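Each structure below appears as structure tokens.
Paired with subunit B in one complex and with subunit C in the other, subunit A is shared by the two complexes that follow.
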Partner chain A sequence: MTADHPHAHAEGPNYLWAALLPLTAFLALVWGINQHALPWHLTLDWAPSLGLAATFRVDGLAAQMLALITGIGALVFIYASGYLAHEPRSGRLFGMLLLFMLAMIGAVTADNLILLFLFWELTSLTSFLLVGWKHEDAQARAAARQALLITLGGGLALLGGLILLAQIAGVWTLSGIVAAGPSLHADPRLSAALVLIMLGAFTKSAQFPFHFWLPNAMSAPTPVSAYLHSATLVKLGVYLLARLDPAFNDLPLWEFSLVGIGTLTAVWAAVLALRERDLKRILAFTTLSALGTLVLLVGLPSPGAGLAVAAFMFAHAMYKAPLFMVAGNIDHATGTRNIDRLMGLRRLMPWTAAVAVLAGLSMAGLPMSFGFVAKDVIASAKAESEVLALISYATVLVNATAVAVAGVAAVRVFWGPPEAPPGHVHEVPWSMRLPPLLLVLVALEFEFLPNLADPLLVAAAQSISPGLGAMQAATTYSFEGTLTALEITLGIGLLLFLAWDRLHALLHRVHWLDRFGPAAGYEYLLHAIPRLAAWQTRHLQTGRLSHYLRQTLAALLLMGAGLAVLSSATPRFDWPALLAWPPIAWAWALACLLILTGAVSALFLRQRIAVLMASGLIGYGSAVLFLFTGAPDLAFTQFAVETVLVVIAASVLPYLPAAKALPRPGKSLDYILAVAAGVATFMLLLHLAGMPENTELAAWFAAHSLPEAHGRNVVNVIIVDFRAFDTLGEIAVLAFSLLAALPLLAGLRRQRAMSSGS
Partner chain B sequence: MKSGSVLLERAAPLLYWAMLIIALAILLRGHNEPGGGFIGGLVAVAASALLAIILDPAAALRRQPLAPLRLAMAGVGLTLLSGLPAVFLGLPYLTHLWSGGWSTVLLFDLGVFCAVWGTLTGYLYPLLEADPR
Partner chain C sequence: MMLMLILSLSVLVAASVLLILSRDTLRLVVGLAMLGGAANLMVFLAGRPGSVLPPIIAAGAETLPAAANPLPQALVLTAIVIGFALLCFALVLIANLARQDARQDSDALRANEPVATDPIKPPVMEP
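Coming up: the complex of A and B.
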């Protein structure tokens, strides 16, 4: 490294060794596929009492995803060790990348729906952390939040959809649902379940109108963009759709949604790509376009579509990840990604230029590239399913844009007029040259030796389209027709490439896209949330306890009245039982005396502390009642709670405004509310006393307390043994409430210190 | 915040220890007689409150085994731990084990006791300390 290297002063730790982890996983996968026939199963006990088992299943599609996750993962880790060599915080990034990789592996191997959801959300979370890695940059923070809100929102929909689907099918595994397949179609809830699942998949795979988070996520470091936002994470939505496709592909709702949204996304992204000047964002828009094409292909009903999905998913990862690395190399070397300022880098960065050309060939779908094979399979799949002519035209436009973008990334940047780029430009270190080069070479090899890739692709295709035979898959490689279509696409692509600047200038002036697009809608909603919060805080959270009390009582009364009207239950008063003389009359009389004294004196006392103690008397009164009616435990607790409550409330009292005396109740509304609440509670109690009591549970606890839990105090046995898990949750909430309150309490102390200091 | 009464200030620590012993007794007898970790914890809070009001919160804090937040978290940790031995024996989590008069239930209840004691004193001390009067 030369002394004039721009970053030479700060050498961070080298995490090249971290690449060994994905590499080992990749080699294990290759070894496993050679040794054991797919699919593999693994079942672990999770919560047997709930009938829940952690099931994992690896079939062809999962194996293909695993190969991408671990194989490209290894190369991305090597690349990142070079890209972040001068970054002191790079350890954190590697840790998050590893966590993301594990989450991805879990998501594509999970067969249990809950497990799938957990890993799915974990990928969203790690993506959030990785996009926002440069957290001192406001733009990166906004992009991370956007990606998180959209994918987690979709994740919520997905959870609902998965639960609904499991209830319809009666099984909690993906393989079980796919096996149940057509038998589910009659259920009226299926449409809702599928719409929810599609929402989850569309947000994850950035389909229209949720597409905008993906280009914005480009503020992540390049290794992250190459790994998450082109090769793996964004394919997860497509993966889930492809996984479920065998069960639902003959439903019109499924087919039309996937084909419609996929086509719309592909075309819209192709148009938007022309508005960008940033090389990375241009690539991101073509990724969107590719994702749209994948969703469209999943939606096509023909068996060949499965092969097309498998081949294109593979080809796209193999050319898009290297192209992102090319963009990263250029950024690293020149400090800019703006294509206006990047020309003639060929001589300065020959290795990167070679990678760009090879990946560009594949992206454009030219012969001698894996992209060509993929394009060919796609064309046959579409011919088979007789798609609408409109969709065929749309794909021509999408492919032509891909050709033009490939031209920009591979030709324009490197072969343009030899203008001197700004600053001191140098070729990047080997760790950033080798990974993309390896990827494009492997892809090239697959083109010349399709036998290497075929078994994996066919196995993956058969998991998507079970009707596809091995022979049929092999014959689908027919190069007829592809060449003429290719010529048309190339022609239009060339025109787009040549007219790029003019088209850009034209589209850039279309400002309504910025004002009314889905991204603008997101911003509007995002700003509407604090506005709504401010509005309701102004009107409901007045900070006056009397207002809160009024609102609470009014709301409770309204709800009670509403319930009474809706249930149309006539109140049942068991008058003989209610009017019967109680067994220990003097205890009832004492309790009533205490409660009445407390209530009446609370009405007339004017000192806050006196009112507080009077209300404590009411609690003591009910404790007396518990004591003599067979609940000494409850009485004990009630005495203790009442005492501590009065002590703590008394220590809060001085903070209330006008600490000395209570304001006189003036409004008649308050009287009406108070009387209504009292009467309603009284009626409710009378009604409850007349209800038949269900003593089954109480009898069970009483019978099992001593023999099974060795305790005679049934209440305590319930708390610490029968319902121990509930208690654990309750005390955890209690303890964590203190954690939340401590900053507020510290604020009080600061206030005190300031007022006493001044 | 001193009460100004010598008698009270002298008696407060004695009362505190007496109440704490009662609190522990309530905790221990809770499995068969009225009582338990929750009520015991509340009595302990009352004891601490007595000290904090008559002397000052720092004096109450000194006589507590751990500072409030730590005490509360230690309580939650104890209850969490009390369920683990069963897992090692292949039983579901939080299945309580007995050997003679001793059991993991006691550990669980002690956790509840500490969580209540720690949390409520954690609220109380700062309020008393920052008293605006």
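Coming up: the complex of A and C.
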């Protein structure tokens, strides 16, 4: 374990003033909530020609998120100015933090789905930059890449889900989709859309099996961990799920996925927390646990669940951000975050110890803390929803772990025998003491004066559960069963705390978790993908033309067959039309005969000149057909081309090696491909002949040829007038092929001169 | 009769594919030209040839009576010329290639292609 930065004594620039930006935003938000009733709307023209408007909407849930983003943001900025005081590059970090804050504000206020996606991805990108801030550290780079790949991968799924959902609902706004609500349930595409959206939300909020990026992201500087990876960014997935919950909460797919994955994440993270020795990573695992609990609560169908989500999201941010700052302070002061080496810091860091105790009380959910209120509301929500007993047991375990971790963070490292920690330990500067202290004090005040927080919480809860009445919410604080549950939880938590080292030793020996867990799966994929790419490059890109041709043909035929099967269009074979005698039937027969003769003899003839001449028969056959089906222009062109070709062939052939017999073509695979291509052509043309003819364009050209282009030959008019650019392109092709052929011809001429000279 | 033409075209396509896959450069070029001719005829067939009257508005008349479909004719006319240009260039090209390599094997034309065991081409990463 090393400190986040060496104790360099060079003073970096002080960016304390940057905290004014989030602070101003926070004060503006408070003022706005007092002055104007929620929800607020803002609609800007974005791309009116596409019917696209940039719509923003702030309701209770968004306002709560905004309060967290700007309020905690201001404190984190103050904290960072102290934390990074000796860091010469801190300006960049503040810039990225600001960018992140703006992206978060955009993401929680956007009502338009495209805007939401754009801001969502922007938060992933800024998170990548912030996690990888210490880019000279390979571990930080790997963690940043992992966070980026997982959240952007989820973002892709989210984009697909949002587009699908918008197509089902016919609107591009979140509020419109929520309003359409149950009317969307009948659509068969809804399941796919919801699964994709849940994938996006689960990756963002680090749900199992995508949870592992969050603990690894702890290689970011502490202000970043406190801000992004506990209070705001990781709540974005929960936010989106909560936002959509009113529309889908009675769908079994939605409810079971959220409850199942949320519970699994909460329990799994609680167990994994016991395997860690790094204080910051332990806190990260409890954050995962809390995120799992939030997802579980969103999935619960009762109206009280909305209140539970709002209260717990708030409470968690209010105690977890200070705890991260405590971890940062300890790291800053002692140079380590390993709990084995941290003892008795109480005397040396009294302010930090006080913060840790107050935040720890809230995390443990003890009475007199905001965490207690949250726990109480959660218990009521679960009682209302009649959850499975299994989930209740899981919750007890999760809460007990939270108690144990609170004990580790608040008691173990600060109390106990004072041991000489490594290095010179000092209390951190005021800029690092004040922000966490303020946060825990504000949380305390909310507990004693619930009138301050309640309106915001109830407004947020009502955006999640519209069925929740204000009165109902106010009377939800019952405290009855909660105390009993609390005693059980505290008891187990205390046992866990006391047995922490033994449990850790036990779990640390479980090596299969490292080898077969989702994190190992990620590593495996990360290496397997380039190897697969290399394998297929070696096998597909052989550098042999015949291989490429076979692959291309086979792929084309397979795609055609697949399309034919998928479209399941019944082929319409118009037999009378196929078998009818056209006006000049003998010409058709002659054309067919010439084409067949040419094709077959080109295959079997062995002399080069003979192969070329045989192919000429096909051109003459086509020309005969053109001549007697009303296309004299085509016929004359084709005749001319074939005749000139004879001249050209005669002049080129002497340069080819003399009259060597040609090899017989191909292997059996080639015959299969050739027959398949022939059959495909046959089926395609039969189907084509049975399709109704669309004469719209032909009629248009016939009607406009004379009046608009003053030409009587419609084909010529099309070529030189209506589609003149096509013809220009054609002439360009001729010119280019001549230009390309000239140096080649010069080469041939030189060769002849040499051979005749020798 | 249409069926007969469709059958001929299918045979033509199959024969072109065999020629293209035969690895002999001249056959490759001839096969491509034949495939181009087959494509032209398919486009022409899509316009349902039947009328023997060319799409020419008679002197004095304002519009076209029942006549052949002019659109595929215009498309095919362009395609014939382009196909011809391509064929001529390809013939000159293979004559030049024959100057360098008398084998006339299309798979041998790989001076600029890395071999399968090329160490640079595919990035095989060790786990």
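Note that in this section the second predicted complex is superposed on the first by the 531 of 758 C-alpha atoms of A that agree within 3 Å, B and C clash if a C-alpha of one lies under 4 Å from a C-alpha of the other, contacts with A are read in each partner's own complex, and residues count from 1 in each chain.
In the analysis below, contacts are C-beta pairs under 8 Å (C-beta built on N, C-alpha and C of every residue); 3 or more make two chains touch, one makes a residue touch a chain.
It should be emphasised that the depicted structure is a prediction, and the values quoted were computed from it without experimental measurement.
Of the two partner chains placed by the overlay, only subunit C lies in contact with A:A602; subunit B stays clear of it. Taking subunit B and subunit C in turn and counting the residues of subunit A each one touches, the greater count comes from C. Within the superposed three-chain model, A:P188 lies out of touch with both subunit B and subunit C [touch as defined at top]. After overlaying the two complexes on the shared chain, residue contacts for A:A724 are found with subunit B alone; subunit C is out of touch.
By the document's definition of touching, of the two partners only subunit C reaches A:P583; subunit B does not.
In the superposed pair of complexes, A:P692 makes contact with neither subunit B nor subunit C. Contact with both subunit B and subunit C is seen for A:L748 once the two complexes are overlaid on the shared chain.
In the overlay built on the shared chain, the residue A:P252 is in contact with neither subunit B nor subunit C. In the superposed pair of complexes, A:A533 makes contact with subunit C only, with no contact to subunit B.
In the superposed model, A:I648 makes contact with both subunit B and subunit C. Common to the subunit B-facing and subunit C-facing surfaces of subunit A are residues 632-633, 637, 641, 644, 648, 652, 655, 712-713, 715, 719, 727, 734, 737-738, 741, 745, 748, 751. Only residues 49, 632-633, 635-637, 640-641, 643-644, 647-648, 651-652, 654-655, 659, 709-713, 715-717, 719-721, 724-725, 727-728, 731-732, 734-735, 737-739, 741-742, 745-746, 748-749, 751-752, 755 of subunit A touch subunit B when the two sit together in their complex. Listed in rising order, the residues of subunit B touching subunit A in the complex are 30-39, 42-43, 45-46, 49, 53, 68-69, 72-73, 75-76, 79-80, 83, 92-94, 96, 98, 103, 105, 108-109, 111-112, 115-116, 118-120, 122-124, 126-133. Of all residues in subunit C, those touching subunit A in their complex are 1-24, 26-28, 30-31, 33-34, 37-38, 40-42, 44-59, 62-64, 67-71, 73-74, 76-78, 80-82, 84-89, 91-96, 98-99, 102, 104, 106-107, 109-110, 113-116, 121-125, 127. Residue ranges on subunit A touching subunit C, taken from their complex, read 527, 530-531, 533-535, 537-538, 541-547, 549-550, 553, 577-585, 588-589, 591-592, 595-596, 598-600, 602-603, 608, 611-612, 615, 618-619, 622, 625-626, 628-634, 637-638, 641, 644-645, 648-649, 652, 655-657, 662-663, 665-666, 670-671, 673-675, 677-679, 681-682, 685-686, 688-689, 693, 695, 697-698, 701-703, 705-707, 712-715, 718-719, 723, 726-727, 730, 733-734, 737-738, 740-741, 744-745, 747-748, 751.
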